[in-house]
Amino acid sequence: MSAEAPAIGWTRDDIARRVAQDIPNGSYVNLGIGIPELVARFVPEGRTLVYHTENGLLGMGPSPAKGAGDPELINAGKRQVTAMPGASFFDQATSFAMIRGGHLDLSVLGALQVSQEGDLANWSTGGSDAIPAVGGAMDLVAGVKRVYVMTTHVTKDGEPKLVERCTYPLTGRRVVTRVYSDLAVIDIAPQGFRLVELAPGVSFEYAQERTGAPLLPPAP
Amino acid sequence: MIDKRVASVREAVADIHDGATVMIGGFGEAGSPIELIHALIDQGARRLTVVSNNTGSGEVGLAALLKAGRVAKVVCSFPRTANSTVFPELYHRGEVELELVPQGTLAERIRAGGAGIPAFYTPTAVGTPLADGKELRTIGGREYVLEYGIRADFTLIKGRVADTHGNVLYHATARNFAPPMAMAGAVTIVQAAEVVEAGTLDAEAVVTPGIFVDRVVHVATPAHESELIAAGATYPPTGAGNA
Amino acid sequence: MSAEAPAIGWTRDDIARRVAQDIPNGSYVNLGIGIPELVARFVPEGRTLVYHTENGLLGMGPSPAKGAGDPELINAGKRQVTAMPGASFFDQATSFAMIRGGHLDLSVLGALQVSQEGDLANWSTGGSDAIPAVGGAMDLVAGVKRVYVMTTHVTKDGEPKLVERCTYPLTGRRVVTRVYSDLAVIDIAPQGFRLVELAPGVSFEYAQERTGAPLLPPAP
Amino acid sequence: MIDKRVASVREAVADIHDGATVMIGGFGEAGSPIELIHALIDQGARRLTVVSNNTGSGEVGLAALLKAGRVAKVVCSFPRTANSTVFPELYHRGEVELELVPQGTLAERIRAGGAGIPAFYTPTAVGTPLADGKELRTIGGREYVLEYGIRADFTLIKGRVADTHGNVLYHATARNFAPPMAMAGAVTIVQAAEVVEAGTLDAEAVVTPGIFVDRVVHVATPAHESELIAAGATYPPTGAGNA
């Protein structure tokens, strides 16, 4: 089974589309580097989101046309982007004041592990060989109002990424609001992982088997 | 489509509740959002805590809000000014509480509140009565006092130009407390002499990014406190008050 | 004896001129409201100072021509001013970051009392009737590199303003660098008040009699 | 007459001493003051502590400074990047110390240093290894970690335009760490693609006021890291190194 094209359940694009449905018009959103960036492609017609990139731009637009790029107009993933009408540039202290101060409505991030209490591990596998690097991940989870995680439900080796307790170093404690995986949408409820919605063809039991902690049925 | 404009100052302040903490921009008359304050007087909210550098002059703007008996507590650095009689009278009668904060500490506490910093250490006021009862800490051989961030339910400020996304530019020294207060208000309301479409302002020159602003209201020709006072104005106007 | 025109010693303008002599070219200076503002009139030819006013302007210029004023271009004393070439406007958090962060070279302030250890009292007489008001005085003395005090040597009642210990509420502890009075220029040295210079016609004994703590002779 | 211009990048960095703490602006290649960094390599100062968000790419700019063995310690949030090989090798050989700081905490610590705030509390990193051994405090029911302000002996940044008083404007996301770092450097050195007389810039649009800047040097056509790397460049140039 490949994480890129799961046998059953949602594709990456499906997940991104599903996340995008849940974001209200006018939201201020920070999309994590990589897969979460896909969300921007699936925003429903008629909704305008304002994208924040923590290196200092509110109102980030898509990649520039070929040849029109500017090496100093980039996003947090260091890729060239554009600025939309209504955009503003600012310094790092101000950018993280937006994040830490709770001004962003939503951050969508990837995950190595999410615990049933909403702990997130997504910056380090704790290996002694790796160069530790954290960027703005800890700031985002500590400050943004809602934190959505986009992830495959299990690792490439089939291990659950939704777990009782994270074994990887934490990015933040009790910070995740909701998980969007290839198998399901799951809220972090006071009681633990609460199912919101299953992907087509995925049964509750199938999702539970691949979840490292009890999966609670949808709230009535 | 994002459009933060509201039709009137009345609509802009309609939901300010009794007991709310309200930050009000301005240093003296520069930057004082007089029209929003007058709308707040008309709206009637009571027992407000007002965070503002001064307490107004004459009987217009901030002084008129105090005069109307709507303010339970003032957090400020300099509650006296030329032509300032309303606050002193209320204070002497024990009808308003005062929390006196050094101006830079006030600015930093507001900025901290907006930036998600709950508390910080500062050298200002160490060894003075304004540090009495506060926690001290020696860092690197120097003594500092612990101060806490402040947030508000509502912030009222004045800009020169705002766009539909809430980006704001200011005029000269009218900028003063508005940018940090915009960050620290749960609901930030800007009155601007000019309101333009998003995309009109230079993204490099925006002072307050729109994320900090919730409502924009167009006040084309804002009054200046000193001119109102020179003209003998009060708010509400005396005629209206007697009618 | 009137504080405005002392029988002997320097006039206010003389004091301001004497202060101005000690300020190097290119200094960033904050002049307190009132008497200290006189200093700007006596800056020697060939020197440019940059004036900071804590309400949010660096590069403050003189009062505007009659009729050319702007009620929102004012100084900390709430009087109309102008902006010089090279000026910048900024918010209060930034303005006090300049002050607290030690970026200003000099602040010139008035005083009620200065102690021999450099304590300053200049914001309140402690009277229970007065409305307490502090403004930016405590920030200035805590943050600016050098704090000069401009003051009459004694009160209107003839009481020394340079004292062993301040009896009025403090603005800051051990913050004053130097005192410029109508009688003398006096440094706050580790040992106490150290005379730098006497005004013309003022003897050491005359100054000592009017000083509430030992006056040390000039450093050799 | 105030004129903060210096004639060359060489002159601008001449007095950076061995063991100095140097803040270097930039997020990735955006805002990296490459010409100042190359001048610092030529100048030869050693045992530097570098505060910068990243550790550079290829073997130019910041990566070249590391490669030349001049850096004892790096304080940063993200020491890995595409094309980043120099830092990982030094780190694995134990030849450079790393203090890893969350990006927002790094920005706030620098801003605090520049603003005279010795320490502050932040929610970021609570419960993670990056708060290990740090002081925690519960304020209003939430846990926070104490972080300290950082200052530097020298700050090197890149602007788009600077004036003779040291006022600076930036370009797009090249602004990033430059404004807080300008505040936190005892000596702040700006390379700018355009240098103008005081009075040319709009006082309302100045991003870094001149009080935070000590030296301005004109670098008319600054290199972009990615273009240097694409062209196979190293610093010093391989030819020069072999000569």
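Things to note:
Which chain is which? They are A, B, C and D, in the order written, and residues in each are numbered from 1.
The rule is short, and it goes like this: a contact is a pair of C-beta atoms (placed from the backbone, for glycine too) under 8 Å apart; a residue touches a chain by one contact, two chains touch by 3 or more.
Predicted model only: the values in this text are computed from it and were never measured.
When the interfaces A-B and B-C are ranked by how many C-beta pairs touch across them, B-C comes first.
Distance from the chain B centre to the chain D centre is 35 Å, each centre being the mean of its Cα atoms. Annotation: 55 Å between the Cα-based centres of chain A and chain C.
Mean C-alpha position of chain B lies 29 Å from that of chain C.
For chain D, the set of residues touching two or more other chains reads 108, 111, 115-117, 122-123, 170-172, 204, 207. Of all residues in chain C, those touching 2 or more other chains are 83, 89-90, 93, 96, 99-100, 142-143, listed in ascending order.
Chain pairs that touch one another: A-B, A-D, B-C, B-D, C-D. Remark: chain A residues 53-57, 70-75, 78, 83, 89-93, 95-96, 99-100, 119, 124, 129, 131-139, 142-143, 169-173 touch chain D in the complex. Of all residues in chain D, only 1-2, 111, 113-117, 163-165, 167, 183, 197-199, 203-204, 206, 209-212 touch chain C in the complex they form. For chain C in complex with chain D, the residues that touch the partner chain are 25-26, 28, 46, 48, 50, 52, 58-59, 83-90, 93-94, 96-104, 142-143.
Of all residues in chain B, those touching chain C in their complex are 27-31, 53, 77-82, 87-88, 91-92, 98, 100-108, 110-111, 122-130, 170-180, 207, 224-227. Those residues of chain D that touch chain B in the complex are listed here as 108, 112, 115-123, 137, 139-140, 142, 144, 148, 169-172, 202, 204-205, 207.
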